[in-house]
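For reference, the structures are reproduced in the following blocks.
Across the two complexes that follow, subunit A remains constant while its partner is subunit B and subsequently subunit C.
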Partner chain A sequence: MQVTFKVYRKDPEKDGKPGRSNYTMDVPDGATVLESLFKIRDEMDPSLAFRCSCLRGHCGDCMVRVNGSSRLTCTAKVSAYTQKGPEIALDPLRNVPVIKDLVFDWDAFMWNKIRAVKPWLESADLPANGETLVPDAAMRDLRKVMSCYQCGMCDEGCTVLPVDFDFLGPAALTKAYRFVFDPRNQDKKERLKIVEKPKGIWDCVHCYEADEHCPRAIEPTKRIVALRDEAFRVGITNDKVARHHQSFAASVKESGWLDEGRLAVESEGLTNVKGLMKLLPTAAKALTRGKAPIPYMHTKRPDADKIKKIFEKAEQVEK
Partner chain B sequence: MKYAFYPGCVSKGGCPELYPSAVKVSEKLDIELEEMKDVACTGAGVLPQNISDPINARTFAKAERLGLPIMTICSTCQGVMAQANYRLKEDPDYRAKINREYLAEEGLEYKGTTEVKHLLWVLFEDYGIERLKPLIKRPLTGLKVSPFYGCFLRRPPEAITPTKDLNRRKSYLDEIIGIIGAELADISGKGKCCGFPILSANEENSLAMVAKHTGESKEKGADFMVTPCPLCHLNLDGNQSKAEAQTGKEIDLPILHLPQFLGLALGFDPEDMNLKRHIVSTDKVEKKVEMLS
Partner chain C sequence: MQEFDVVVIGGGVSGLRAAIAAKRAGASVALISKSHPLRSNSGLAQGGINAPLGKDDSPESFAADTVAAGDGLCERSVVQSFAREAAKEVLWLEQAGVPFNRDQVGRIDRRRFGSNSRSRSCYTDDRTGHIVLTVLYEQFQRLEIPAFEEWFMTSLVADGGECAGALALGLRSGKLDSFAARAVILATGGFSRMYAPSTVSIGTTGDGQALAYLSGARLMDMEMVQFHPTVFPKGQGLLITEATLGSGAQIVNQQGAAIQTQSSSPRSKLCLSIAKAAQNGGAPVALDLKPIGKEKILSFFPQTHELLRSVAGLDCTKDLVPIYPVAHRPMGGIETKASGETSLAGLFAVGECACNGLNGAGRLAGNTLSEAVVFGKRVGEAAAAYAKSAVKKNFPAAKLAEEEKTLAALASGDSSQDSLRAVHAELGGLMNEKVGLIRDAGGLKQALDGIAQLNERYQKIKVRNTGRIYNYELTTHLEIGAMLILAEVVTRSAQARTESRGAHYRSDFPNPDEANWKSHTVAKLSQGSTQLEKKPVAN
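Showing the complex of A and B:
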C-alpha cells in the first residue's frame, strides 16, 4: 500500500523553524510506523531524527503522536491509521520542547520531575545482619508500580500538563507512590511533603486519563489518589488544600452533606481578608441570579447523627 | 419505572436550578422518583476512600432495602458511587467488613445488588430512546450544541463499562444531542476535566481549562454547551467570566444542565427550566428556543 508520511521537522542547526516533510512509499502488510521511519531514514532522508530503543513496546523511547494520538511507533501498525486515507501525520508530543524533528526533550518532559520526587529509598541504618526483610504482601502492590518502564504515556495523556507544564505529572507522582508506601522508607511524612507542594498531588484533577493511557495497567491516577488519601490521614501539609479538605470533611461530618457556602469561605481562610474579598464578585453574581438562597441556610440531613458516627469511626481507623 | 433519587449536594446548593428541572423532566417522562434524604454526600473524591466507602455503602444498603436502583444527576456523584460500588460488589470480604464495622450497628446490610445510574444512562438503557422520541415536542432544530461529559461519565473503566457492551455509554451525550434535533458542535475536550477539582488548589490552571473548553466550543459555533455534571457547570458557567479575564478573550457561552436541555425539547418553557439562574446569560438561547415554539 502506498502511504504518505507527513513528518514534523525542526532543525536547530538550520533556522529552527518548524515545518513538515512528506515521504511517500510502499508499506508492506503488517509494517509498523517505526519500520517505516527506518526506511525513510535509510533510503530517503538521512537527516530525519527520531528515537527508539527496545523495538518491542517495552521502553517508551519511540513515543510520538500518530495522527494526533500518542503511540509507541514500534508497536503501532501503519494499517491501523490508514483507514480514512493513505496519509499519516507524525509529530512530537504536545507541549514539549523539541530538540530536532521527532526527538523531544525527555529531561524537561519527565526525568527532571522524576528526580524532583527523590526516587530513591531513604531508610534507617541496616540491621546487623545487613538485610531488611519485608513481607511479600507489602511488596506485591509496589511491584506492580515498579513494573513501570517510564514510557511517559500517562504524562502525555494528562489533562493538567497541557495547561501547566510545571505540574509534576502522573509518571513522577507514581514514582513518588512507590517510595512513600515502601515499608523500608523511614519518614513517610517528609516524602509526602515533597509531593504536597504546589504542582504536586493537589494539582491533579484525578480525571483518570493517565490510567487510560498507561500500557501496563499501573493506574497512575489511583496512585495519586492514594497519596492524597494518605496525606489526608496523616495530616495535609499544603495549607490551602488543608483548609478546603477540613471544611469539606467537617461539613459532611456535622450535617451529612456539603455546605458550599461554608466551603467557599473556609477554603480561603477566615482571616484571609484578600482571599475573602476575591469571593465577593462571584457571590454578588450568584445572589443577583438567585443562585443562593437568602437568608443563607444549611440544614442537617435526616440521619445526620448516624452518618457522623460512621464518619468518626472511619477516621479513627489506622490512626 | 421507579428510582431511588440521589440528587447530590450541588443540585440543591450551588446549582439550585438543576434539582427542580430534573424533577419536572422526570415527572414528564413518567419516571417515578423516591428521593433519598437520609443519606450522606458521596465524598466527591475529596474525602478519602476509607471514609467515603462506608458512607456510600450505607446509601447503597438503603436503596437495596427500598428495592430500587439509584438515579443520579451528577457525573461526580455517579463516578464516586460507581467506584465504591465496584469495590464493594467485587470483593465480598471487603463488603462484609464494611457491613460488620459500619452498617450493622444501624441494622443495615449491603448485599451488593444496588445499581447506580446517571439520568443519561437511565434514558438509554432503561427508558429507551424509542419511547423518548415521540415526547420531543420541540426539536431544537438549528441550534448548535457542544457536549461536555464530566470525567466520571467516561472514566475510570470499571465505573463506566463493567461489561464491554456498555462502551456506548461514552457517546450517549453526543447521541442525545442528535436525537433532540440539535446539531453537534463537537469539541476535543468533551471528555476531559473542566478544572473544577483544582479550583481551590490551583485556580489559574482550573480557569485555563474552562477557557480551553468553552473557547473551543465557541469557535465551533455552539449556541451552548450541555453537561450532565453540575460541578462542571459550576466551573464552566460560574467561573467563565474569570476565565475570560485571565485569557483576555470574550467567550460568553451559556452552559445548560442535561435536564434543562431535555426539558426544552420536551416542551417546557425556558422559565420552567430556571435558565435565568445561570451566571452566563442564556438570553440568546431562550430567544432561539422561543422562535421554535
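Showing the complex of A and C:
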C-alpha cells in the first residue's frame, strides 16, 4: 500500500524554522510506523531525526504524535492510521521544545521535573535479618506505579502544562507518589514539602486527562489526589489551600451548598488584608454585572440538614 | 576536555551499579550513555534476578547450577564468589527501593526459573529489569554523578599500552569531546543486533567490545551466543519470559499437544528441541500460557500480556503464541579478571560486554541481572582503587582533532547506492542462518565470505547527512562497523571450536571434546587480523 508520511521537520543547524517533508513509499502489510521511519532515513532522507530504543513497546523512547494522537512508533501499525486515507502526519509531542525533527527536549519536558522531586528512596540501614519485611499489597501498588516507562503521554495530555510549562506535571508527581507511599522511605514529609510548593500538587486541575492518556493505567491523577490527601493528613499543607478546603467543606456542611463569597474571603484569610484587597475588584465586577445579589445573603438549600448529617457521618468514619 | 578518575561507558544496570560503587569509593565519576539510561537494554530483562535467599538454598547450590549451565567453561572461583555475593546485592537493591514481589510472610518471593534447581529468582512481576534499572538510576541521581546522556563513544584512547580515556560525540550538541580518565569501565552491553531477529534493543551493537578489540584488548568465548527458547519470532522478536514455563505454561505443537515437558532444561537444550520439533513437523511451535490461568497471567505477567497484544495482536489468556529460538545474549565478550581488569591497563569491563568466565558456555536463566549488580559493584570499586593508585596519564590531546578528521572522512566522497539497512539486514540473516543455533564448517565458511563481502559494501557507504546534531545516520554507520568486526570474530571462534558445548552446537561435531576443548577461545587483533588461541579453564 502506498502511504505518504507528512513529517514535522526542524533543523537547528539550518534556519531552525519548523516545516514539513512528505515521503511516499510502499508499506508492507503489518509494518509499524517505526519501520517506515527507518526506511525513510535509510533510503530517502538521511537527515531525518527520531528516537527509539527497545523496538517493542518496553521503553517509551519513540513517543511521537501519529495523526495527532501520541503513540509509540514501534507498536503503532501503519494500517491502523490509513483508514481515512493513505496519509499519516507525524509530529513531536505537543507543548514541548523541539530540538530536531521528531527529537524533542525530554530534559525540559520531563527528566528535569522528575529530578526536582528528589527521585530516590531514603532508606534506613539494612535490618539485622537482612531484608525489610513488608506485605506484598504495599509493594504491589508501587510496582504498578513503577511500571511507568516514562513515555510522557500523561504530561502530553495534561491541560495545565500548556498554560504553565513549569507545572511539575503528572509524570513527576507520580514519581513522587512512589516515594511518599513506599513504607521503606524515611523522609515522607520532606518529599511532600517539595511537591506541595507552587507548581506542584495544588496546581493540578484534576481533569483526568493524564489517566485517560496513560497507556499502562497507572492513573496519575489518582496519585496526585492521594498526595494531596496525604499532605493534609500529615498537616503540612499550604495555608491558603487548607483554608480553601476547610471553608468549602464548612459551607456545604452548614448550608448544603457552596457560599462563594465566603470561600473567597476565608481562603485568603480574615486577617490577610492584602489578600482581601485583591478580591475587591472581582467583587465589584460581580456586583455591577448582577452576579452577586445585594444585599449578599447566602441561604440554606432545601434539605440542608440531610447534607449536614452526611458530613457528620463521614466525620465519624474518619475518626 | 573533561577529566575524571573513572569514566563509565554505558547506562544499563552494570554501568549504573559500577558508577555508584566507584563514587561511593571516593572517586570522581562520570557516566556516558548513548541512550538515556532508562531506555537501555537492561530494561528488557523480565523474569528475575537470582539470589540464594531460600531456606532450602545455598551459595553452593547456586554455584553448582551456574556451573552446570556453563557446560564446562565456567571459571569456578569466579562463580563461587559470585554465588556468595548475589544475596547481599539483591538485599541492597531491596533496600535501595526495588518493590520485589513478597511471599506470605513479607519476605522477598522467589520463583523457579530455567534450569535452576531451587526457586531463587527474585522478581518484580515480569518487569524485573525495568524496575531494577529504574531504582539504580534513582540511586545514581542521588549521588549527583555527572551524566552525559545521549553521548556516543566513538573511540577509546590508548597511549603506551594504557587506556587514557575515551572520545565521545554529544548527540544533542553535535560536539565531539575528550574524556580523560585514570580508569575507564566499559558497560556497553552485548552485540545481539548482529543477528536478525534478536531479543535486544537497537543499541545492542557491541560498540564497546569492538573499540576495546581495536585498542588491543582481548575477546573471549565469542562463539557462545545464547538463543532464547520462547520468543515470538516475527517483526523485531518479542521475548516471553521463561518464568512462564516455571509457572505452568507449556510448549506445544499446533494441535496443542505438549512437545517439551522438561521446562527446567538449560536454554540451549530447549532451543534445540524446539528447532527440531519445528523441523520434524514442519508446523510452528507455540507457547500455551493458558495453564497458568487468566488471573495469574494478569497479575504476574502483566507486561507479557500487554506486549503480546500490542506487538503480536494476541491475547495470551486465550491464544497460542508462536515461538522460535531467537538470538538473545552473548556469553562471550571482553576478556576480564573477576575484578573487571582487561588485558589493557586502565580499561575495565563489566556486564554483558565482558567475559570473566562466570557464564562459561551457557548462562543460567536469571543470572544476567545478578551478574550485572554483583560485578558492577566489584568492578566499580576496583576501578576506583586503580584510579587512586595510578599515576595521572597523559591524554594525547591530538586525538580529538584526528577523530574529527575520521568522522569527516566518513561523510566525504561519493557514497555507493547501497544502504546501511540492507547491509545490516543481510548480516542479521547470515548470522542467524550460518552462525546461529546450529552450525557447521560449510556454513561458517560461507558466513566468513559473506561478512567479508558485506564489509566491502559497508566501506563504500558514506554518511550522507553532514549535520552533527542527532545525526543517527552517523551513529548507525559506526554501530554497523562495530558489528561487522565482531561478527568476524564470532564466526572465526565458532569455526575454531570443533565440538559442541553449551550454546555452541556444531552438527558436524555434535559431541563435546573434553580432551581438546575444555578451553576458552581468546581472540586478539594482531597486525590487522584476528588471532585465536585457547586458554584452559582454571579449575
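A few remarks follow.
In this text, the second predicted complex is superposed on the first by the 281 of 319 C-alpha atoms of A that agree within 3 Å, B and C clash if a C-alpha of one lies under 4 Å from a C-alpha of the other, contacts with A are read in each partner's own complex, and residues count from 1 in each chain.
To be clear about the criterion, a residue touches a chain if its C-beta (ideal position, glycine included) is under 8 Å from a C-beta of that chain, and two chains touch if they have at least 3 such contacts.
As the structure is a prediction and not an experimental result, all values here were calculated from the model.
In the superposed model, A:206 lies in contact with subunit B only, and not with subunit C. Applying the stated contact rule after C-alpha superposition, one finds that A:58 touches subunit C and leaves subunit B untouched.
Of the two partner chains, subunit B is the only one touched by A:267; subunit C is not. In the superposed model, A:149 lies in contact with subunit C only, and not with subunit B. In the overlay built on the shared chain, the residue A:159 is in contact with subunit B alone; subunit C does not reach it. Contacts of A:131 after superposition: subunit C is touched, whereas subunit B is not reached. After overlaying the two complexes on the shared chain, residue contacts for A:315 are found with subunit B alone; subunit C is out of touch.
Against subunit B, in their complex, subunit A makes its touches with residues 159-160, 162-164, 167, 198, 202-209, 211-212, 219, 221-222, 225, 228-229, 232-233, 238, 240-241, 244-245, 248-249, 252, 256-261, 267, 282, 285-286, 289-293, 301-303, 306-307, 309-311, 313-315, 317-318.
Remark: subunit B residues 9-10, 13-17, 37-41, 43-51, 54-55, 58, 101-102, 105-106, 151, 155-157, 192-193, 195, 197-198, 200-202, 204-205, 208-209, 212, 238-239, 241-242, 276-279 touch subunit A in the complex. Note for the complex: subunit C touches subunit A at residues 35-36, 38-41, 43-44, 53, 87, 91-92, 94-97, 99-103, 105-109, 124-125, 127, 130-131, 134-135, 138-139, 141-142, 172, 174, 201-203, 235-238, 302-303, 306-307, 310-311, 419-422, 463-465, 467-473. Those residues of subunit A that touch subunit C in the complex are listed here as 11-13, 30, 32, 38-39, 41-43, 46-47, 49-50, 52-61, 74-75, 99-101, 103, 106, 111, 115, 119-121, 123, 125-126, 130-136, 139-140, 142-143, 146-147, 149-150, 182, 184, 216.
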